[in-house]
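Shared chain: chain A. Partners: chain B in the first complex, chain C in the second.
Take a look at the complex of A and B:
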């Protein structure tokens, strides 16, 4: 009896640091945000509980649904492009070509360079007057004059996606490469002796066997991209005229820009709900895939 | 006419020569087994025939045509891999049908060929299952099924039974032999297990460090090994080797000094071995208890009673291990002196280079 009890105490003691950390860093802010979302907190010292008013306001003002939609479109394109380029990259890096190791190393810089530096670099490249992209396009005679990519809603939207893709691709590529290399070589050899060409083998063997990796990476990337803040904030701060304002930018602007802490909290709670749903889908998918493997 | 010919075949990986000039002919319908210890190049040789490894030098001819540069599918071969290489995400049916799908055969043709293969291999009730739901033996059969549907001229098997347990292995061995009889196709089979080689092969190719040590029928190899390597590799338990020195070789008899064991006279016509260090080989099953033509006394440190026969393990005065295999259950005890003998016509003799002397 005593043994069991002391074992429990020992286990709790071991868990305590992690538990305290999670309570302080995750649970407390989460609960506090939820409470805050039912108040009219602002720069004033006091605030009142106002029930669902914040939620009613954000959903009745048309632009929030627009922001949600924009966030989904932005995330969809960013994740999809990352997955497609990541898959191509993995296929190329997996090919038996001379200098393979060098190419593998060369994929890493976007991931290794501190994110802010990478984003500032892209900011300069998008610059109309001094930017490399505008300069090159003019040199090749594709555009007549300078194009400030971040100055127009449409181009800014895609520019932020491209930068997010640039930063995210190495991780996806390396993950896919690892998944590809875990497919037994024998399977490809067997298919090759049966006359299956490269593309046929990719379509009928590699791709189906990579489905678990693709699902896992897509969902993880979805969660990270949905919350992507730094890229948009550094490049456009959500502009021009809100064309790159995603939910996280919108929340930050409301809470920190307009100092409407209560309303900002409500917007943050909505993001949390979406991310929670993604996480549930992710964990269910992982469990299902593991069960599938066990079979 | 031979269906498969290897001519001065060589394979190098960078500096390392793995296959060092192999010449071999395989006739249509033969069951040929490549056997040898790990790293002797037998799998590499099979993969070269399959087209999975490039040829560094020499030629591979199948049906009279040099196929060095042809992809596997155009060589008329089908291969069964050691790991089975089944596609885990496809049903048994689709696994077997895979080569036919690649060929884009009409569904009716695919259906009839898959069903025919499934019938031969008793897989009819398993066609909708995934490989993960099958036992080792069934997976093996699916892999064979995938080879059969292509109706190849030559089947290549790369240690196909090594992942199965002992009981299943002997069962599958018999199934494979029956399959060979039924299909009548040429089969080339790689194994490190000399029992598989002895029981299945029409022709055994013993490989040693990238060269052919001997080619012959199982009984040829057993009774007339060309060299020490083959003598030691074929037969279980292994052949006993005793070192000696030829005192005299007059063209009829060779007199060999075996040190502490005494002197033995063997009928040999070679005179070249006079004065040479030689090795005597005697199979454990050719020993008899009690005195005989040449008798020696041993003191077995281990006696294994297997019911059908008894095996003794002892060490000779010269330090060589010495195994005896006797029928039935003679009363033998550990560490007790045992007199055993052998007939001189059962003795193999190898010269200083390890080549057989007759």
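Take a look at the complex of A and C:
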């Protein structure tokens, strides 16, 4: 009995720093935000509890559902493209080609460069008057004049996705490369001996064995991309005409721009609900994969 | 020996703590946030002068970059730990006042009369003043004379009306590689400012003194329609550019006309451009030269215990000659016509920036300034990109503004 008790105390003592950290950094702000979302908190020191009014307001405003939909579309394309390019990149880096190490190093800059600097760099490249992309298109005679990529809803939407993909691809590539290298070589060798071609081996051996890595990376990327703020804020601030306003931008504008802390908190809670759902899906998927591996 | 050294150490510590305690008791600090990259020219001397006249008070200035300044001041106030005195955009004063974060700083009639007309209005809400004006900006039309000449226009004759402005922009776009006009329509605060140039050069307004939204008027409709008409002769994709980016295009010879503050002329000289500056062209209903009057103000925050001293300090450093010297050092439009005649005689390019004040208008004061800004930007962008017709965009914006006033 005494042994069990001391073991429990020892375990709690070991867990205490992490528990305190999570309570202070995650639980307290989360609970505080939920409480705030039921108030009319603003710049004024005092505030009143107003029940569900903030939630009613944001969902009856009309454009919030549009913002949610846009966030999902933005996230879907960004994550999908990252996964596809990341997979291609991993295959190329895994191939026995000369200068392989150099290519692996060259993959890293988007991840190494401070994010804000990378985003500003893209902002300049998208600039219609002085930007590289517009300049190249004009030099090759593809366009007659400058094209300001951040000036129109469609192009701005895709420009922000491309920048997010550029920043996110290295991590996906390296993760997929590691997963690819953990596949036993003898499987490929046996298939090659049986006359299986490159694409057949990729489709029937590499891809199925990488499913756990793909699912894990997709869900982690989904969670990070859903809350991606810096890229859109620096490039477009949600414009033009709200075409790049995602939920996180909308929340920031409400809470920190208009100083409607209560309403901003309600919007943040809605984001948290979505992210929680993604996390539940992620943990379930991980558990299933672990159970599969155990069998 | 050791005991003696120990006693001396204890005595010195006691003395040191007593001194700092006495200092803390006797000298009250007036915290002051100064936006910018460095303390405003002359302020260090002004603080020393004011401190000499107000023993027991010490000014503690903190310089905060423009990007973070407004946010820092607001967050400190909202958190209940305000600074005593801070540099803020006058447009935010109404929001601060309604949230009980700042104290009024009433002006006497004599003080009001010393300013250019409308300047006191930029800090006035509910019949009283809520800040001391500290910086003033007005705009005028800059044009590239070489591009005018290349397009077959008289390089010495700038457009005087909207009609001429649009016609000149068309001629330049059609006859040179440059665009005629630098339109500003990015999701950025100065998109609203630039649109207000059109509004205030046609006797329009956004909100009246009684708090009624007056945006949906024939004057503002004409302004929005004129903006729509000039877009085909502007740089490609104006929704991608804010004011300073358009200025960079102008300095690069990519557009012929822009609306900017006096600094554009200094930069144009550095770039070796052949340029001119004139009052903003006028709309059909204009009563005289107009411009947007933007001021920054020193706001005195509540709950610091040194509110009266902060007001005294704010009025001291912005008084007559001191303010004029600071303005000239920074290249700002003067708040008061103290030596304006001499200024124009010495530097004639200042004239259009001062002439426009007479029929200019202030940044509208709204409870939710960001809400106002977002609505105005959305209205401009929807017209510039052709998503909405001016009348429909105006009606929508006017209706939405009701919730932010």
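A few remarks follow.
What we mean here is this: the second predicted complex is superposed on the first by the 284 of 295 C-alpha atoms of A that agree within 3 Å, B and C clash if a C-alpha of one lies under 4 Å from a C-alpha of the other, contacts with A are read in each partner's own complex, and residues count from 1 in each chain.
As a working rule, contacts are C-beta pairs under 8 Å (C-beta built on N, C-alpha and C of every residue); 3 or more make two chains touch, one makes a residue touch a chain.
Note that the structure is a prediction, hence the values are computed from the model and not measured.
When both complexes are superposed on chain A, chain B and chain C fit side by side without a clash.
By the document's definition of touching, neither partner reaches A:88: not chain B, not chain C. Using the contact criterion defined above for the overlaid structures, shared-chain residue A:205 touches chain B, although it does not reach chain C. Applying the stated contact rule after C-alpha superposition, one finds that A:191 touches chain B and leaves chain C untouched. Of the two partner chains placed by superposition, only chain C is touched by A:242; chain B is not. Contacts of A:21 after superposition: neither chain B nor chain C is touched. In the overlay built on the shared chain, the residue A:45 is in contact with chain C alone; chain B does not reach it. Put simply, the three-chain overlay gives an angle of 150° at chain A, taking C-alpha centres for chain B and chain C and rounding to the nearest 10.
The partner that reaches more residues of chain A, of the two candidates chain B and chain C, is C. Overlay on chain A (Cα): least separation between chain B and chain C is 51 Å. Those residues of chain A that touch chain C in the complex are listed here as 42-45, 126-130, 145-153, 236-242, 253, 256-260. Against chain B, the residues of chain A that register as touching in their complex are 184, 186-187, 189-196, 200, 204-205, 208-209, 211, 295. Residues of chain C touching chain A in their complex: 71, 74, 77-78, 80, 95-96, 99-101, 185-188, 235-241, 245, 248-249, 252, 254, 368, 370-371, 374, 377-378, 381-382, 385, 387. For chain B in complex with chain A, the touching residues are 50-52, 71-73, 77-79, 81-83, 85, 87-89, 98-99, 102-103, 130, 132-133, 146, 150.
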